[in-house]
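What follows is one structure encoded as structure tokens, with my remarks underneath.
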Amino acid sequence: MEDVLFRTRKTGKQYPGTVALKDIDLEVRRGEIVGLVGENGAGKSTLLRIISCVEQPTSGSMEMHGRQFRGKNLLEANLMGVGMVFQEQSLMKKLSVAQNIFLGREKSFGTLTFINWRKMNVAASKVLESLGLKDILPARKVIELDFAARQMVEIAKVLNLVGDRQEGCLILLDEPTSVLNEIEIKKLFEKMKLIRDQGNSIIFVSHRLSEVIEISDRIYVFKDGQQTALVERKNANEDILYEKMVGRSTSGEYFKVDRQTDPGEEIILEARNLALKGYFKNVSFRVRRGEVLGICGVVGSGKEEVCAVLCGDDRPDGGQIFVNSIERHFADPAAALKAGVLSVPKERREEGIIGILSVAENISLSSMKAISRHNVISYRERSNRAKEWIAKLNIKTSGPKEHTETLSGGNAQKVVFARAISGGENKILILNHPTRGVDVGAKEEIYLLIREITERGIGIVLLGDTLDETISLSSRLIVMKDGLVLAELEAPKDNKPSQVDVVRYMM
Amino acid sequence: MTQRISGRTILDNLPWLSLIVLLGVFTSINPRFVGAYSLANIFLVAAPLLTLSFGATYVIMAGSIDLSVGAIVSASCVIYGTTFPILGNWSILVAVVFGFVAGSINGLLFIWLRIPSFIVTLSTLSLWKSVALLLVGGGAKGIPMKLWKGLAWADLALGIVPLLFLISLVVFAVFYFVQSRTALGRSVYAIGANERAARMCGLKVNSTKFWVYALSGIGSGAAGAFYSIELKTSLATIGDPLTLLSIAAVVLGGTPLTGGRGSVLRTLLGAMLVIIIQNGLNTVALDVYWQQIVFGAFVILAVFLNSEKGGRTLIIK
Amino acid sequence: MATEENNSGTKADMITTTVADDFSERIAAERTRSRIVELGPLLVMLALIVAMSVFVRGFFTWNNLAALLQQIATPLVLSMGLTFVLLIGSIDLSLEGVMGFAGSIVALLVLNTKNQLDLGVVGILIAITAGTLFGILSGVLHTRLKIPSFMVTFGMGSAITGFGILSYRGIPASVNDPMFAHIAAGAFLGMPLLTWFALVVFFIALSIERYTAFGRHLFAIGENESMVRATGINVDTIKVIVFAWAAFCSSVAGVFGAIKLNIGQVIISNGFLFSTITAVVVGGTSLVGGSGGVVQSLVGVIIVTMIQDGMILLGVNAYVQPAVQGMIVIAAVSLTVARGRKLVFK
């Protein structure tokens, strides 16, 4: 019977309106590498955050070494033997490697806040050496290191934080390979094996299935917040994993597939060889009148950045954008709006609505000319339009004057939609996770709205909340992985590609 | 049925409530406070402060700061005084145009260089202060008395309300109109409330930022002219206390420094509050030195009361 | 099936290299920029020394260099305080206020023309302590009430100035204490005593910055405050100490001012806020925190003092100097600020 290092029992996480995790019974044995795979939103990151005590579970419990495991914050998790290497770096660039490793615990190296750096460096060398990192000098400032080295220092730091335990500790790695090249990935895997062989365990999350299969001893597959499979390494292959990752397709009725508009001939948006350094390259596609073009890809595939470029938020390093066959350069979203391109942003509270302004005001923000007569805003017109949209979209609010921040997610999202289509002049909408955090009823209304928009000839570029949603809503799909477009698939209403077909390219 | 009075409601109405209370307090200490002479004086002193504070309001509502207002006023005052002997009352135009140019420089530097507004305006403050001192050779230069006839129009009044004050009310009306009824005005609010969202909505963020500074400059330019007209001098140091006073006017009126909310109407109240406090403290013969302390404390208090405790980052942490 | 997978496999390799390469390019660019910011000011200083020695008459003389040494005392002390504040990403606009206040108080505590007190060195210590206490107050208001440092120090600065004026009720005290005259005129090994004191403060600051955990934490807070909090480090206490230190330095500068002018009034501090910000920024300390240091500020102070001195020697009108400083600040800041396109700056 293998030693169980860490275990979750029926762990769940519920947010108001959505269930992120449900009934997770995960087991990590001593001295093993557990892989964790799943689509966007499957719950992988949420689980990692819960295990590292950055967030609290809403149900269930966890155990470490057979004893109850619960902590209020990251520090407590560290003290109990769990460490996490975040995707966003946590190292301080102007501090040395040693200073980063021992950040907050300098006391043992000096007196009265004066620190003997040499002593600390020696200690740091030992830590680095235990990971086989002999060529990283502890006195060097982090900014001098390249990314792979920084990644290693992060791992060393976490390892050192959770302590030199006889019983072994648990290290969580969240997409550590996203920006590493082949050689660096190999090195990383070597270190991971070293850590494992020392009696520790690792949970490894990556969207690159080939990697996960290569390094993991066992693999958990997550889907829609639940674990759907546990596969031993010897039985694992990509096909099996794809199958388990992908949900049962929801009925077309839910997504109003029957109302999917047949795209016209006219090309209203074209991208040619778009590139943004470090994010994506050689991205080309066309959007026709009334078409919904869905972009599929995992986090980090570059699809978010493509959207940012399309709506003017970011300027591309290469390539061209054509709106109605005229080449455009968007200096900012205002310029894009002028050309008829507008986005519904992903982060509703931060980028979508302006909370302290009223509903009517929010709705009018992208189309102020339409409510003005000779450049003077008419409050009556603004209010009337707002009332129209409130009725049309069934927005639950006390009235046009209500502060938008008090609206629920779904209703706030409808306000954003109203803003985007209110002017009537927009030709292309970029929808970035339009149904995120929205309840089921409102979702259906938004799907209907999307069909109505396309019926009017507006073209949509869609980043869906789930793969299912993206496939069902779109008439064409492009799949991105690691910054490139790997596939382009037709998705006519009577012959939608299966999720497995698409996931294959994503991972 | 009792109506709940929320903390917010009290705060929102605090400015004009304070105004009334203070008026009452000062008048009871010295009944001459509401005498015609005293009031007329208050209006006269208020006029330039009002004019320059309206533009400052926009800047603050947009979430930025303009530390150079005082210096622009000084430079404008000097420019007016210097050109008046040559151009007569057309100098007002010169002063206003100068203000526009100064404000535009602030706006352009802010947008192009993408550095915090307080650094930009701190730097231009030095610039305009230097210009003011240079033009006047160090201190003050009076407008020759024989030309004072040309300024007689400024002494006109409607009852006890001086013409200059009425002009500042006209300026107020314009600013109020812009803030409530134009795309520019609404953009100012949006940007101050949530710049990222405002940008994603397709609002012209850079253009708006430019114009708030340009308008602030125009207000300051006009104020400088007012001072020169009132004092009949070119005074290069007139603007020194004005930056703090204009911020105090905005803040005491209830406009939060975090931006996104507020109104020039509030600033109107705030400026009157400032003047009344100043005059009132004078009338009750409180040490001038206490005024500085009082203002500093008031400003901190007002900012605290109006700030959103969510810890939104302001100009710099 | 197999061929398909092979193809996507190789393509995947290509992809990985591309994105990874671009990323390392960005990291390398960041590193280069950091080096430029670190070394740039030093090179500028050296270049300036050479240029001024050659082109400005009277620059490279014993007299002038002696004068320069004297002039850097006050800005150096002030910049030590401001550097730490900038490192954590805050700002201290009460610099002039505290300086003026301390200068006013100290003049009233040593032998002077307004009262009977003659506290000597104790008087100096009291003045410095009083100023430092205001710094603690600012720090507490900032951390407890979450009022941005900009606003707290702005208001506090105004209030402190008021207290300063109040202390002498409009008629400043003139100092009669021989100790003051002695310090003002004194020199040791060719360098004025005040400059020595400033250097002592500099070395204290340097030791704190380089050899204590506290110093390292300043950089960390400036770079990623939430991560530092997550580590369990008491960030609020550190911030209060930083503001106290800044006020301490400003108070010391105020005492310097009183010593130099033999009089205690608030206007001795006029203009120093701006020139200190200029010096620290020109030296390479970032306004958003996380990078820079006291050595950089020393270089910045030398550069700014040399430019001021040069302008005087060249006969440039005194009123033009602040304007020139203004432009220098703008140039220096715009060169060093982060270039995110989507960054919201206020």
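Odds and ends about this structure:
Labels A, B and C are assigned to the chains in the order they are written; within every chain, residues are numbered from 1.
Simple rule for what comes next: a contact is a pair of C-beta atoms (placed from the backbone, for glycine too) under 8 Å apart; a residue touches a chain by one contact, two chains touch by 3 or more.
Since we're looking at a predicted model, the values are computed, not measured.
Between A-C and B-C, more C-beta contact pairs join the chains of B-C.
When chain centres are set by their Cα atoms, the one at the greatest distance from chain C is A. As a whole-number value, the distance joining the C-alpha centres of chain A and chain B reads 46 Å. Between chain A and chain C the centroid-to-centroid distance comes to 41 Å (mean Cα coordinates, whole Å). Per-chain CA centroids place chain B at a distance of 30 Å from chain C. Contact of a single residue of chain C with at least two other chains is seen at positions 342. Among the residues of chain A, those in touch with two or more other chains are 313. Multi-chain contact residues of chain B (touching two or more other chains) are listed as 196. Chain contact summary for the complex, chain C toward chain A: residues 5, 8-9, 11-13, 15-28, 30-31, 34, 207, 211-214, 216, 219-220, 223-224, 227-228, 230-233, 290-291, 341-342.
Only residues 311, 313, 332-334, 336-338, 342-343, 345, 350-357, 361, 364-366, 368-369, 372, 375-377, 419 of chain A touch chain B when the two sit together in their complex. Residue ranges on chain C touching chain B, taken from their complex, read 88-91, 141, 145-152, 154-163, 165-166, 169-170, 225, 274, 277, 281, 287-289, 317, 319-323, 325-327, 329-330, 333-334, 337, 339, 342-346.
Those residues of chain A that touch chain C in the complex are listed here as 73-75, 90, 92-95, 99, 103-104, 106-107, 110, 113-115, 117, 143-144, 146-147, 178-182, 184-185, 208, 210, 238, 277-279, 281, 313-315, 481-484, 486, 505.
Residue ranges on chain B touching chain A, taken from their complex, read 180-183, 186, 189-190, 193-194, 196-207, 260-261.
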